[in-house]
Amino acid sequence: MSGFFGVASKKSCVLDLFFGTDYHSHLGTRRAGMAVYGKNGFNRAIHNIENSPFRTKFDKDLDQFEGGLGIGCISDFESQPLLVHSHLGSFAITTVGRINNLEELKESCFQNGMTHFFEMSTGGINPTELVAALINQKASLVEGLRYVQDVVEGSMSILILTKSGIYCARDKVGRTPIIIGEKETGYCATFESSAFLNLGYHHYKDMGPGEILYMTPNGVEVKQEAGEEMKICSFLWVYYGYPTSTYEGVNVECMRNRCGEILSTRDTNVEVDSVAGVPDSGIAHAVGYSNATKIPFSRPFIKYTPTWPRSFMPTSQSQRNMIAKMKLIPVQELIKDKKLLLIDDSIVRGTQLGETTDFLYQSGAKEVHVRPACPPIMYGCKYLNFSRSSSEMDLITRRVIKDLEGENVSDEVLKEYADPDSERYQNMCEEIRKRSKFTSLRYHRLDDMIESIGLPKCKLCTYCWDGEE
Amino acid sequence: MSGFFGVASKKSCVLDLFFGTDYHSHLGTRRAGMAVYGKNGFNRAIHNIENSPFRTKFDKDLDQFEGGLGIGCISDFESQPLLVHSHLGSFAITTVGRINNLEELKESCFQNGMTHFFEMSTGGINPTELVAALINQKASLVEGLRYVQDVVEGSMSILILTKSGIYCARDKVGRTPIIIGEKETGYCATFESSAFLNLGYHHYKDMGPGEILYMTPNGVEVKQEAGEEMKICSFLWVYYGYPTSTYEGVNVECMRNRCGEILSTRDTNVEVDSVAGVPDSGIAHAVGYSNATKIPFSRPFIKYTPTWPRSFMPTSQSQRNMIAKMKLIPVQELIKDKKLLLIDDSIVRGTQLGETTDFLYQSGAKEVHVRPACPPIMYGCKYLNFSRSSSEMDLITRRVIKDLEGENVSDEVLKEYADPDSERYQNMCEEIRKRSKFTSLRYHRLDDMIESIGLPKCKLCTYCWDGEE
Amino acid sequence: MSGFFGVASKKSCVLDLFFGTDYHSHLGTRRAGMAVYGKNGFNRAIHNIENSPFRTKFDKDLDQFEGGLGIGCISDFESQPLLVHSHLGSFAITTVGRINNLEELKESCFQNGMTHFFEMSTGGINPTELVAALINQKASLVEGLRYVQDVVEGSMSILILTKSGIYCARDKVGRTPIIIGEKETGYCATFESSAFLNLGYHHYKDMGPGEILYMTPNGVEVKQEAGEEMKICSFLWVYYGYPTSTYEGVNVECMRNRCGEILSTRDTNVEVDSVAGVPDSGIAHAVGYSNATKIPFSRPFIKYTPTWPRSFMPTSQSQRNMIAKMKLIPVQELIKDKKLLLIDDSIVRGTQLGETTDFLYQSGAKEVHVRPACPPIMYGCKYLNFSRSSSEMDLITRRVIKDLEGENVSDEVLKEYADPDSERYQNMCEEIRKRSKFTSLRYHRLDDMIESIGLPKCKLCTYCWDGEE
Amino acid sequence: MSGFFGVASKKSCVLDLFFGTDYHSHLGTRRAGMAVYGKNGFNRAIHNIENSPFRTKFDKDLDQFEGGLGIGCISDFESQPLLVHSHLGSFAITTVGRINNLEELKESCFQNGMTHFFEMSTGGINPTELVAALINQKASLVEGLRYVQDVVEGSMSILILTKSGIYCARDKVGRTPIIIGEKETGYCATFESSAFLNLGYHHYKDMGPGEILYMTPNGVEVKQEAGEEMKICSFLWVYYGYPTSTYEGVNVECMRNRCGEILSTRDTNVEVDSVAGVPDSGIAHAVGYSNATKIPFSRPFIKYTPTWPRSFMPTSQSQRNMIAKMKLIPVQELIKDKKLLLIDDSIVRGTQLGETTDFLYQSGAKEVHVRPACPPIMYGCKYLNFSRSSSEMDLITRRVIKDLEGENVSDEVLKEYADPDSERYQNMCEEIRKRSKFTSLRYHRLDDMIESIGLPKCKLCTYCWDGEE
């Protein structure tokens, strides 16, 4: 994932932009950037944040920035924002999304007379540059933004900083959110709604799917109305959104509490000493479960946050191998001789949770009951740059199904495995349980999980669980 | 505070030392250092960690370190470890403590022929250098360590790295802990017991008060038996120890859960919607309270850990002013129209909790009931370098007492204010409640809090609450 | 100016590229870059060198580079080399030159379907990106290079690194040089011929004007024959080339020695104690003068090279103001009561030489006779990015002429001022002498200076002196 | 070697100190430091300058420094200046010198009650700390300085910065210089006299041997008169002093010119095409030779100063091996078919000059006549930290003598080899000539060289040539 933040202010936007962008630090680990427009023109900085936090890297740049308009991003992939000069003028652009038909779009650009793209140091072209090229083929920025929404397969939300204001375009079916905040001095646009709270903004509006706005310090103008269809990613609530954020009116922490609560309603006869969540995102699910069942909540392992706010990559390989297990420190007194019910947000490849469970047994746990806060993940995401699921065959579900059914599994059989009322589903779950040595395993049901969110299913993307596009 | 870690290994100690020291990052914010002894002699690195985490700064040094013996520290004050050459040979030394009679000891050194101390860039002499000077006045390191234990007023725990092993000396009355861990390749000594768990060490022993050990890769030898008297700091459990650590057999997280539980037993008729803790140390107290009362636990504000693992100091003043409030992000859905019971580890100056409460009311909270996890702090700590209480007159208790009693308050009257059964105590609490606009305020009682720890009162330092030395 | 270096080697090209590029450090002060192609694809690094030398900045990158093909540059303006992906494949490109019709060429690109250029952080588009865009409009790199040579007004020499070899294209009329070196393991292409000597290359050939070569580790193939017309910049020898370089068979140091020698032949009755050169480029001219006249050579001021290898920009303004005079340290014993003959490469604005002369008088010099090694500079260079002459009206000649003739001076009158046999020329020189307080002033004559180079005048650009295009 | 600079100013001393210290950059390559006393007390910074120039490293610190009193150093060995706190108060200290009886003095400190010294990261104690310890044994700084002059074997010049002024103590027999400069705002003390010229100071006085001064912004007070005996290092003029400096009234550049001139008087029948100097220090000798003989001066190789202002150490070994030969770039046109007379300041191990000569022959030189500007070096310096002569047996003279005479050579025989009128001397020179393949070799005679300096022999240290202490 990646995240972005934009500000249009009557005063200097720099500190708001700095902190607002920084509050997206959980969404990306590779590059970060800020672009500001002020009386000295555009100014832009991009830094590698693989081994150092955003604030440390950009703190040194702040003196050079001035102006009321700015955009920033935390990016898990390409360098951003880009400064572009075209027949539409000069602008800066940042994006959140994924382009599945990148090769095809690149070729169409070449055919329309585009001569070249820059190559990233990691190879390949910069998707944000491709988006800029597509926009520049049209007669205005708004037409260009519409064109991108039409032709990009995957998802694409965009901020464009011009000399007079900021264009905000949410993905056509709203797979990722953009929220607008307001305060006396102006407006901001943000991926994480909570990013603006401490800066004094209040909620102005959630952008609708495909909506395009033009934001200046003096107001927000709708350039394209929101569309009907919405497919916002459900995983935002389950796993990767920050607990303090609210998307489509639904707060993440509250959804997770509710998710744990509903998850517990189908557990009638489990007897455990405590309920625990795998940090960070499992915690709030576990709190909800505990509050509903009155089974004590506990923290049998605690993340060492002073050191592991994010997974920085050490330079030596010997250190890298040690890192996986270093984030969580156990509290043996809360593990030994205990029956634990453990809630993780999801099970992807199963490796990490398997190791955690091993560790709990080694530390003396008597039972480890696992309750993932969402259904089994059956399909790799094709809409967002979601680092968790690189290949579908890495998924523990697909590996188990392959062992049970052989190499070629039909779509119908797969769908059956995704149905919690089927026998195949039961077999798969039991096999996963055995491999991972969980005392018991029960996944959240999709209908229950959707109820936790509280939005109609048709508004939500549930592709990774049920394959529905 | 500061913290240290030492390793004596048959193999390279470097990675254990690096990660073991890093796990003390919550204890200091100014300097950090590592010293290793190997076939190329001593190697030492010290870095400023005010604006960058330990791991980022020392990662670059790792290639230069080799050897099986090493010590490291996270320091809130002086540069450490120091490399010293004396009639006792060459050694590296790091300390955790506070020297109240520094001037007097410095003069005695001058009188014994010591010619100079180095001056720190912040002025004054480096307390660890003074400790080295005291040690070097004696005929052996062990005699020197005993001498320091005898003459230093305050507290002083020490690690000394020689060419053949590491001397560990715990403070004379054990105000701060040293725990010894063991694994196949050797031993480690650490302030935070949890620092060794992920490195594969198991608990070997807690050092006793005043105990002096000599640690090599092959064993641990007692050089001075532990003393009878112990006065370990109670605040380790209440506030500044890491939840995963266990001192004197009592785990911090468990103590806090129990502390919240016992705290709740005196609340018979409070009606609230949820119980919350002020991050980080209030959380576990709140969990205990919630588990005991079955009142739901909630997180109405969440620390943004990707960014605020620790309070780095930005270079520009305008940013600094914004920082205080930036760490915690509210979840408005969990605040608006809610009656909250809020547990903080303690109230020192009262400023921060007052602002938090203001913020909760502004966000729509109906009631804010406050339950500090320890009694009112009446006396500034004189045993540890404890940044929380710089001047006694900053304490909210002392400010209120001054307003109630005038400038000169006798020790007896002060003692009365510290007695939870006195009327003066009640008046003081009510006054604090009113000033801070808490709906209700009830402090933990000292006897209850001590019960939460579970050690005899005589083993604990409770000076800041009852003035008993 | 800027300079570049390229290598095609059967082994790793990295160290040759690193040192070869570094040997162009006198040609640029803003950005430097290296791009290498190896088994992991392209790798590229660009750094700001305004405050730190090339080697310090790129030393850290060397471990990441591998491969046999590479190009590098020291750039006084834009970030380079650029990594480009187009219908011609992926390549890296670096340029030395100046584009006077940049706006027009940019518009033509837009009309041919190009959608955008990136904007540099300093504003404006990157000229090297424009060159890439022009090349990519054609069906092959060679056609593209030819196209650039045809349409760019100014000058343009180019290196293009592909996956299989390096294309070298010298400016159409050879305003800047490219020399090819050869050794057992392959070939190199360089602006400064001396850059390859210490790396073991020997001279293979000078590229001719407009020539295009394709260079691989195994050979050098002519893709376009050199043209007839040549207009190489005469200033390369007089001032900005490195003394160890040889262009068109004429070594810089030798030309300067000869220049000083011929300059002396018209001085029949000057009586001075010593001949001195203004460091760095005046030195060799002065040596030639001294050797010819037997008047002692001396160094009345010496450049402090440990500190001023190049003019790094300090961050504080107060320092910047001190810098101008800090490079040269006087030797008072060689100045006091002396009659000096001082040779500078040229007089541009006259400010610096005026200050130097003032300083000499203050230090006790009796006479200061000035002999610039080239004629009066009358026209600002329009072919190279030549930082010395930003505006023609900054030239001391033009300011004097304006005072003598008024605002609007006809081209004919200007030409007359450029003729050393005219009265107007004599008046101008006398006026400059008076303003600068030189005891005497005699410029080199253009015909004499051309004789010092030894090439036919038609092969040389002499625009800045006589306005001939 | 090392060098230092001190300022006492009525205004801020910071920029003067920064540039004044920087002008000693040719004297050391390992550490540099600055200490300033102002209204916020002492401030001190020390940086590693092995891979980055002084100005780049300290530029960032300037904002933090304020005050009118400061000292700085460029050090080839230990970290300096040290901030010391003793019964004499707080002060900063920096030294230039060498302590041969360091172990003995360290032991005496221990016996007087000193408990420890710090160990440097490279092992061993910091000589400047030892000097501080010795000073602090006395009742006043001046007594302490005298004591150091008395007990240190080797040489020792010292600057001490106190809260009110700066103590300057020149080595007892003046082996290294200290010059005092004066301007309206105050005074400075410097090793290199030329360091103050561009900062607006004029010469106030040369300190005499053993002299101790106390310098404030308002004046300079003599605390101890200069002694009679002087033994200033002759090599200052021959090799390592900066050409712009003047010690004991004798300028370095002038001495070198004269040295070359006198050197030429004994060459009656040498026929060469040109005279050249090995950069940097050979240049001025060669200029003197050429001016006297009217044989043309030429620069057959030129130092690439933009890159090699100093020998920074690259991190990778493969680069290090390339460095030795990279500094000098040849001008083949000035070498091929030429008979060259080459002047180097001295021949130490002979390796480098041998390689240079090889290179000249390979480049087509017909003859290479070598004229070292000083006599054969026979003894390693024992008075200064002089990196050129680490072991006496590395000297080419001693290796040749060993081959001619066998292992044990008596002092008398050695003295004979040092006598230019002896046959042994002639044999040794001829052997060196043959080994190095010089066409001819003639060293300067000691009496001629002393004449070039112009001071009485008794005032000069000539130990490395004639062994006289």
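Letters are used for the chains, namely A, B, C and D, taken in the order the chains are written, and counting of residues starts over at 1 for each.
Everything below uses one rule, namely that a contact is a pair of C-beta atoms (placed from the backbone, for glycine too) under 8 Å apart; a residue touches a chain by one contact, two chains touch by 3 or more.
Here the structure is a predicted model, which means the values were calculated and not measured.
Here the chain-to-chain distance from chain B to chain D, counted in touching steps, is 1.
Number of steps on the shortest path from chain A to chain C, with steps defined by chain touch: 1.
Centre to centre, using the average C-alpha position, chain A and chain D are separated by 62 Å.
Chain D has its Cα centroid 36 Å from the Cα centroid of chain C. None of the residues of chain A touches two or more other chains. Chains touching one another form the pairs A-B, A-C, B-D, C-D.
Those residues of chain A whose C-beta lies close enough to touch chain B in the complex are 15, 18-19, 22-23, 25-26, 51-56, 59-60, 62-63, 194, 197-198, 242-244, 246, 251, 253-254, 257, 280, 284, 287, 290-291, 294, 296-299, 301-310, 312, 314-316, 318-319, 322, 325-326, 329-334. Residues of chain A touching chain C in their complex: 41-44, 82-87, 90, 109-110, 112-121, 123-125, 132-137.
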